[in-house]
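Each of the two complexes below includes chain A, the first together with chain B, the second together with chain C.
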Partner chain A sequence: MMGFKDVFLQHPERRYIMFGGGGGVGKTTFSAAAAYWLASHGKKVLVFSVDPQASLTDIFKRDIFGKGPVKIMDNLWAQEIDADKHIKAYQQEIRQKILDMYGLPAVPEEIENYIQAASAEPAMEESAMFDAVVDMVMKGAYDYYIYDLVPLGHALYYLSMAKVYDEWINKVTKLREEMREYEEMVSRIRREKVTEQDQILQELLYIKNRINTSAGILTDK
Partner chain B sequence: MTEEEKESAAKRLWHNITDTVYGMAAHDMSRAALRTRASMEHLFILITMGDLLGIPILPPYYSLRLLPYVVPQIATWKRRMLREKDVADAMF
Partner chain C sequence: MVIPEAGVINDTQKAAKLFAQFDVPLSGYVVNRVIPHELLEQNIPEYLRHRIAMQDQNLVGVRTAFGDKVLAMVPEMERDVTGLPMIEKLANIMFA
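After this line comes the complex of A and B, so read on.
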């Protein structure tokens, strides 16, 4: 029988490891053990979780919840994402951007309501977590990424989320590109200079790049 | 008629001809393109900010990222989306 160790030895290209399953099967234990083994063999490892129960804090006996990557020992870092904190900081960033862009003293009520409502729905937390994980993976500073998932079929859900987001962003970006073409066409007919860059398109391309990259890692694309 | 007057009359004539040609051939095209572009803009806001009208949209985290850029258009967009439609819309 092939041990877990052999999987790592024979497939050095498998750098993203996810532990999923029901409650109490040993996800966190195995995540921590695998991370420990890899780290003690000279690999730079990040083990992380988005679980508010903070099991990694328990297993490493260190308070790491919402504190970014915390060094546990040589080559081993652990991180627990605090979704609430993450979303709050993000909301503030969006508000500030609106105020700066239009020089407003306060965010318009309607927009503020939207920001509040969007953050209250469960999809917000999911997509925020998704992005937090994308963020870590995109930086690519580690040899191994070990994802200690939360129970309740989260693993499969997470994978399908990557796929759905991937299609969503591709469609939205395509529409925006078509819009750009119309703009250029009008400029050509009227023999005017093409107007400034489309900032929304730039944002979309940035998001698209992130989602495509993570979907590429998570699915056989 | 002096030589100069003749020249400016010719210029005016030429200008009128190009304007007429633009009006006949291209003006409708550019107007249609702008119209389509405007519709697409509203469609775009709908598929990213649909939540504002109660239409649930997938990843709110990323929608929020685009929000600052559409702030000035939100009001017109809402008006257009929630407007009653009638036959005249199809005619003009």
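After this line comes the complex of A and C, so read on.
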């Protein structure tokens, strides 16, 4: 029979470790213990929580909430993501993008209201968490990333959204690329130079790349 | 992760199906909170004996549901896992 240890020894390429399960089965504890074992065997490990009710702070007896990666011992870092902080940064980023893309001096009031209202939605928190996690794993600074997963429903909800976003972004991207071709043709006829980058298209491709990266991790593809 | 309780086993099976639908592969299952059988040799209250008998039955359910995908059985610890010495203890059981 394959044991828990064998999975790690036989599959060193599995660098993203996730413990899933219902509430109260011990996900956070196991995340911490697996991180400890790997770190004490010389692997550089980051264990992190995306669950607002997470208790890595309790388990390690260290206040790590919202402090970025905190070193626990040799090779072992732990992190609890502060969703609120990320939501605020996220809102600011959205405002900045609107200003840049449309060349506005200030965010119009109705859009500001919309940003405020959207932030109250649970999807905004998940989105902010998602962004924070993608930033972390894309840096690739650790041998192992151990996710203390939110309860199952949330993880699956996220995956289903990833599929929807991906399809939607594909469609919009294709449309914008076609538009761009026409624009270039028109410019050539008018003998104008095309230098302006399609910022919205760039942004969509950036989001798509991030979604694909994390969906790739979750689906092992 | 699963614990030897009928409801949790059912939920875990449902979740596994959903993960499969979304192409998320699972390395295996870990059973947590198993009350140590050695306690049966001691003078323990009826209450605890019943809990162990119930868990035994549910562990058969775990085997039926997840078979050789069960990677480890981890006992219910005598106290909360907090602080590095307890984490180390748990890690050594998990990775035994």
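Keep in mind that, in the parts below, the second predicted complex is superposed on the first by the 196 of 221 C-alpha atoms of A that agree within 3 Å, B and C clash if a C-alpha of one lies under 4 Å from a C-alpha of the other, contacts with A are read in each partner's own complex, and residues count from 1 in each chain.
Going forward, a contact is a pair of C-beta atoms (placed from the backbone, for glycine too) under 8 Å apart; a residue touches a chain by one contact, two chains touch by 3 or more.
Owing to the predicted nature of the structure, the values given are computational and were not obtained by experimental measurement.
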item	value
Contacts of A:Y36 with chain B and chain C, given as first, second, both or neither	second
Touching partner for A:V7 - first (chain B), second (chain C), both, neither	second
Partner chain(s) touched by A:Y16 [first = chain B, second = chain C, both, neither]	neither
First (chain B), second (chain C), both or neither touched by A:I59	second
First (chain B), second (chain C), both or neither touched by A:G26	second
Chain B contact footprint on chain A (complex, rising order)	90-91, 94, 97-98, 101-102, 108, 110-111, 114-115, 117-119, 121, 123-124, 126-128, 130-131, 164-165, 168-169, 171-172, 175-176, 178-179, 182-183, 185-186, 189-190, 199-200, 203-204, 207
Chain C-facing residues of chain A, complex	1-8, 11, 14, 19-22, 25-27, 29-30, 32-34, 36-37, 40, 58-61, 72-73, 152, 156, 159-160, 163, 218-221
Residues of chain B defined as touching chain A within the complex	26, 29-30, 33-34, 36-37, 40-41, 43-44, 47-49, 51-52, 56, 58-72, 74
Residues on chain C engaged by chain A in the complex (per definition of touch)	1-3, 8, 11-12, 15, 18-19, 22-28, 30, 32-33, 68, 70-72, 74, 81-84, 87-88, 90-92, 94-96
